[in-house]
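Heads up, the next two complexes both have chain A, just with different partners, chain B and then chain C.
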Partner chain A sequence: MADLFTTIITSPLARKAGVPQPTKLRRYTPGDPLVEGPVLVAGGGHFDTSLANRLEQAGAQVGTALEELDGRLGALVLDLSAAADPSDLVALHAIGAPAVKRLAKNARVVVLGTDPATLTDVSHIAAQRALEGFTRSLGKELRFGATANLVLATAADPALAESGVWSAVEFFLSGRSAYVDGQVVRVGDAASPSAADPLRPLAGKVAVVTGAARGIGAEIAAVLARDGATVIAVDVPQAGESLAKVANDVRGTALQLDVTTEDAGRRILEHATSRHGSLDIVVHNAGILRDKLFVNMSDDKWAAVLNVNLRSIIRMNETFLGGGGLGEGGRIVCLSSIAGIAGNRGQTNYAASKAGVIGIVEALEGQVRDRGITVNAVAPGFIETEMTKSVPFATREVGRRSNSLQQGGLPKDVAETIAWLAQPGAAAVNGQVLRVCGQSLLGA
Partner chain B sequence: MADLFTTIITSPLARKAGVPQPTKLRRYTPGDPLVEGPVLVAGGGHFDTSLANRLEQAGAQVGTALEELDGRLGALVLDLSAAADPSDLVALHAIGAPAVKRLAKNARVVVLGTDPATLTDVSHIAAQRALEGFTRSLGKELRFGATANLVLATAADPALAESGVWSAVEFFLSGRSAYVDGQVVRVGDAASPSAADPLRPLAGKVAVVTGAARGIGAEIAAVLARDGATVIAVDVPQAGESLAKVANDVRGTALQLDVTTEDAGRRILEHATSRHGSLDIVVHNAGILRDKLFVNMSDDKWAAVLNVNLRSIIRMNETFLGGGGLGEGGRIVCLSSIAGIAGNRGQTNYAASKAGVIGIVEALEGQVRDRGITVNAVAPGFIETEMTKSVPFATREVGRRSNSLQQGGLPKDVAETIAWLAQPGAAAVNGQVLRVCGQSLLGA
Partner chain C sequence: MARKTPAPPTRQARRVAVLGGNRIPFARAHGAYARASNQDMLTAAIDGLAARYGLSGQQVGEVVAGAVLKHSRDFNLARESVLGSRLAPTTPAYDIQQACGTGLEAAILVANKIALGQIDSGIAGGADTTSDAPIAVSEDLRKILLAANRAKKPVDKLKALAAVRPQHLAPSIPQNGEPRTGMSMGDHMAVTAEQWGITREAQDELAVASHRNLAAAYDRGFLDDLVTPFLGLARDNNLRPDSSVEALAKLKPVFGTGPNATMTAGNSTPLTDGASTVLLASEEWAKAQHLTPLAWFVDGETAAVDYVHGEEGLLMAPAYAVPRLLARNGLTLQDFDYYEIHEAFASTVLTHLKAWEDEEFCTKRLGLDAPLGAIDRTKLNVNGSSLAAGHPFAATGGRILASLAKQLRQKADETGQPVRGLISICAAGGLGVVAILEA
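Up next is the complex of A and B:
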């Protein structure tokens, strides 16, 4: 336990001592190369050969042994999916340690494993479950914007799982995942078609974003539109002016609407189908905060947060998942929060609602799978917004530093993760809660 | 996010400013009353009536409305197991807030819910999942040694689940759970017999504790013996002297043994059956640390930790769960760690092994259920031991303060949780990983 808290202690002190600012993260711009620098793909798992081929097709310089590659590595893909016993993890260190030493700034480590929940043998499960402890630890050791994440593939036929694994690996290697660190994504065996136009993976899709008038919601609208989607920006009538501006900027349409009204789902669906011909992507971003200690909170504050952040989503989803709603390829992405995972002082109502959102995702996963639809959530950590600007300096400074990347994330980081989950290629990612938090120390 | 980091910031400063030391926690001594002060049991769930009866039988003063009770509450049991929709959570605040205001020092809040994994309806799952976000937040708001935990019962027949729920509630109300805060325990429907002698719930059981020569292991041996078990203390030959002392103190037997040897399980089982007639309880506590950054770690350090902390357990369990091993009522408890959940800098090997231990528990849960055996893990946070004493002051101080109870735990706290899991009454608790961390801020 000795080192668990070193980050908290050293960061603020280090800053006062004039230590340089945190690394500027490599963030995605369409047309960027997938990674910056050569990629080592190794480990002898089920996917390393096909991934090496995919990476070469994507224009990366790929090697299967460290000696083949010159200079600093842009990424390391460690495929341990075939490890069936803890002793098979020796390769993880033997291959990984010298390669990690050679990582470039903003490099990526992606560990591949087999989802323990799809295995039966104890040694096998233990070995695969160990990868999570390894990856989360490595994330805490890496510096200079480098991240480490774990992709767990279903134990079903690797040939079926391969396209889904590639989509997740591509996300983690790219600048889209800049602020996603120390996380685990499970991938099923749904076929995951590559985008016809990699620069516009959401071309032809109609997306609705609630709470789109400002902050993270406006950024989600912008990123989905950049990726080719037609965006319907939804917010309350009071936010009409900024909503119109967002809709205009993304060349989409605006819909003034209170998500808690009984017919909110129907009105969104009608707007989508009548104005744009279909509805394909739903981003449940609208939410409110009414922070107060539980003992001092009014009944109204308690109920309002649960109503807006949780009940409205359940009700709208009934429409979206009913007849005439989302079809094959449909996507629902909900905004949860670290508070919903770890709990937070002063936010019993908010944390309850955001934990409930995780329940929605877990509940719907199985119901939508056979229909080619996915339901996932993202859980942001400390994101730099107007809201966090109002936090007192010292609290804010600790908040933004208490993660492996030692900085706050941007609304764009949340939006990029959502945009990936909305892609046709992410068809095999379902029922997941993906934190966008720079590997915040906080958790459950 | 505003308040997420307040605890970190304020605690060390507060201490310098001369603020009083953290509350001395109420810890269990045989013969103690279950709770100190009246207990409010409310919520209208499946269990509140029977729990109120059980509590009265246990000698507590029980009320079903706040007005019935005078003075500060020793505990609040909020039964929301029947909440089927987020709107049903209004009662949580209406009943809970005024009651929380009345909590005594070292009080307990136990929230009861229905395990979302055993439900199908979306609104139902969302409401029940929300309880976790609520409980974890409340845990962060409570002061003066009070804790909040969540017990989730299977949705199967409440009459079958009731005895298991009672065992968990009893644990959380008692001083045994002093350092367990903000946690979730799932309870199945296995019948959970009450102990014939509540002062010696492990009477007649034979328990083996590995790594028992010192620290947490020695304390586990002491607590199991106090609760009536015959204890076999196991450790390596080099620790022979302290091992003999521990075995002597608990009136058990000592077995010098390296757990990584091929025949370790067989030798333990033979010792148990030949000397004591059976083996009932196994506590896999032996473990080693070989901390080093991943890039600087030797192959030996990597492999040794995985071998001792993970492989040895898998191998010994094969013997314990094979013919002539544990019978009905058998218990296996493994030591995991917060590092295995959240990852830790400098501990890629240790965290991998402790995550792997969680895999063992998840793998064995289903295999042992029909045999009346349970396999669980505890995951300690910052525990005050010889090891943590060597940590530099500032790091240690932040470490022990970065949890809701704002202090480090004691080896006894880990031991008490293990002793509960070993009880016949905990038969319905299986496949769980229970953190003993004072609700550490750290997590995944």
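Up next is the complex of A and C:
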């Protein structure tokens, strides 16, 4: 996918001349070890003992002090969930700094904390809130494909949060999170069962992916199928030729329909239940762009984007969350965008729709929690697709490089995050917006 | 070792379900599919069917398909298309050819094997291209080339080839004409239309209805699960939603001669490229695949007429096949909720309807006691037919079969009543293939 400019600046000559070189990111393929190298688990929080055990079970070499471990670290897990006062953060630097120096290429730093929103004491809140600033800054300092992310437990009882925290830590340590950097994930107390077959965590699940004919949607279909799900690939009838290819590739089914039609939700649900027995995972990926400066934008362009990207999702969710729709363990993942967070010139309609999607997620979280369903959003940053290929050169290069990993992400990176949120193990992650942007400078 | 006792020879015939279909949009000749072969199109149609019904990597009982205009390289068209498709390569296939009846005849053959328990599932299909038509060398040149090929010594080869004359070099392009009369199908139909007094106005009205009905079907999403785009084409490009009787009235006749010529390019089907497929199966197979039958394939019948000696019009065979099918199934012509009469020409449809109302024709030609009678015209070709969609010969049967099956399912679901549909397809060589579906 490399264009001429990328070819030149990543050439040996450019490297010698000192042009910063993007690192080839460690991306997940089934069967990969969870991390490449030993893992230091430290910090004395609520979770470090259980996480160390889980990591060992997952085949990692685990130490609780840097001296115990040889060579470069595959990951550093800093459990500061028990830090109750800023003075407790002294340990963070004492343990963290020498360990960060020894991080391997594509290493992971995962910081664990307690959600400040669940606390009352000022010093306690300040200490926990500090972790976010620390993690985001460390993400910007790390090089060679390494990332730093923060997992916040919202449960009052750490024992209840443990399985959910592990699922998030596992995601951030793995190659699945290659392009997720500088992010914060809140984890509740829903029990998060481990997959019976870790290679197929979505086995037995039926997933629908809208906008599946190409780009990110096609990759979501592929990754969900790889993880064991039966996939229903949905796209407009005009995209049917490539949709059929996607459906056949994943041995799923193709359903040609326009998500803006009144009965789209009903038709999808009917297809899923009659043909595959249930509907478990919904990925609202279908979306359109009609860029124009606000003052020059036609009513049609304004309305079309809001209709496809926002209204259709609300309408379909009413069906999916109604009787005979998603059951216990159901998952809805919506595609937002960093444009919806940061805003983007020429994209008032698109950014409005993608911010609206965040509103959907926030609104539904509480409604579905008791039913064992989660609703989350993923907000991609600069992803290498046919769509971003058409972006003007200068804008494209700025977008591609203005992030901590100094490169664009791949559709697969977005798909991997969605596939994780769809897992039974991610039951405790609800109402979240997870950015897949390499810690983009936009809206950070 | 003792031999097993053979199974009883008689088996109960099973019900055969039409589960659905897929076709590519039909394209006017030398247009969107100018560079696509029959195999390309048939493979695409099969792949779209596989995607719709989750058949990727699966083996189905049999694929039966054909093409009317066929290259010698396509001697195993159906099987080669299967091998290039997403179906399991262990899926058997064979070719058939029965002119424009190919697609429906393929479905009858698949249905019969399913009914007998020889297969549990099957795909009937057809493809045709007039853009990628085979071109042969002249008959004289062909004989010379074969003689040269037989010659063993180079000098003998040269001697044989020396017989080539300039007039031998003109290629032989397939003609849309009857080998035994030299007349084109349209000219044949023009004779029949004139005999039956079919008016220009009636033909143009039928053509307009066809375009409007198909356009409306597209607009309400009826074709969303019947068609998969191909080579960038998402809809049949012969379709003219704004077609009107006034516009059609301006066209000059292209078939027939003299002041009574009524058949124009507007009320005749154009040469078209395309492919279609239909998935049929036993109830058990459908259930195991979690597929709901759209309709049941009840029965089929094929007839032929002696058009060579002027006894009957070339395209009149369905007029004979239908009463035989009705009699066998104890039905009258009025016992149907929908009629799909292939619009080779608007006049073909109108002639059939008139003939079935005609006492003399029904008693003398068909040997009936009374005319079959008129049909409710609002039940005819309700989602458009070949005048609007186009008519890639072997692909028409599959288009009609899948479309009617879906229409019947919708009606049955809506009313909660059993419904029935009749398909009638005329074909070159004085052939006609007809069938009954129920839902």
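In this section, the second predicted complex is superposed on the first by the 423 of 444 C-alpha atoms of A that agree within 3 Å, B and C clash if a C-alpha of one lies under 4 Å from a C-alpha of the other, contacts with A are read in each partner's own complex, and residues count from 1 in each chain.
The criterion applied here is as follows: a contact is a pair of C-beta atoms (placed from the backbone, for glycine too) under 8 Å apart; a residue touches a chain by one contact, two chains touch by 3 or more.
As the structure is a computational prediction, the values presented were derived from the model and not from experiment.
Asker: Where does A:S87 make contact in the superposed view: on chain B (first), on chain C (second), on both, or on neither?
Answerer: first
Asker: Contacts for A:E241 in the overlay, against chain B (first) and chain C (second): which applies, first, second, both or neither?
Answerer: Touch partner of A:E241: chain C, not chain B.
Asker: Check whether A:R345 is in contact with chain B, with chain C, with both or with neither, and answer first, second, both or neither.
Answerer: Once the two structures are laid over each other on A, A:R345 reaches chain B alone.
Asker: For A:E384, using the defined touch cut-off, is the partner it touches chain B, chain C, both, or neither? Pick first, second, both or neither.
Answerer: Touch status of A:E384: no partner.
Asker: Could you tell me if A:E365 is touching chain B, chain C, both of them or neither one (first, second, both, neither)?
Answerer: neither
Asker: Quick check on the superposed pair: does A:L257 touch chain B, chain C, both, or neither? Answer first, second, both or neither.
Answerer: second
Asker: Using the superposition on chain A described above, determine whether A:G277 touches chain B (first), chain C (second), both, or neither.
Answerer: second
Asker: Between chain B and chain C, which makes contact with more of the residues in chain A?
Answerer: Looking at chain B versus chain C, the one contacting more residues of chain A is B.
Asker: Please report the chain A residues shared by its interface with chain B and its interface with chain C.
Answerer: None.
Asker: What does chain B use to touch chain A in their complex?
Answerer: Answer in residue numbers: 1-9, 85-87, 89-90, 92-94, 96-98, 100-101, 116-117, 119-123, 125-141, 182, 291, 293-295, 297, 299, 302-303, 306-307, 310-311, 314, 317, 338-349, 351-360, 362-364, 381-383, 387-388, 390-391, 394-395, 398-399, 402, 441-444.
Asker: Help me check something: in the complex, which residues belonging to chain C touch chain A?
Answerer: These residues of chain C touch chain A: 44, 47-48, 50-54, 56-57, 86, 221, 223-225, 227-232, 234, 290-292.
Asker: Give every residue of chain A touching chain C within the complex, in rising order.
Answerer: On the chain A side, the touching residues are 233, 237-241, 243-245, 247-249, 251-258, 261, 274-277.
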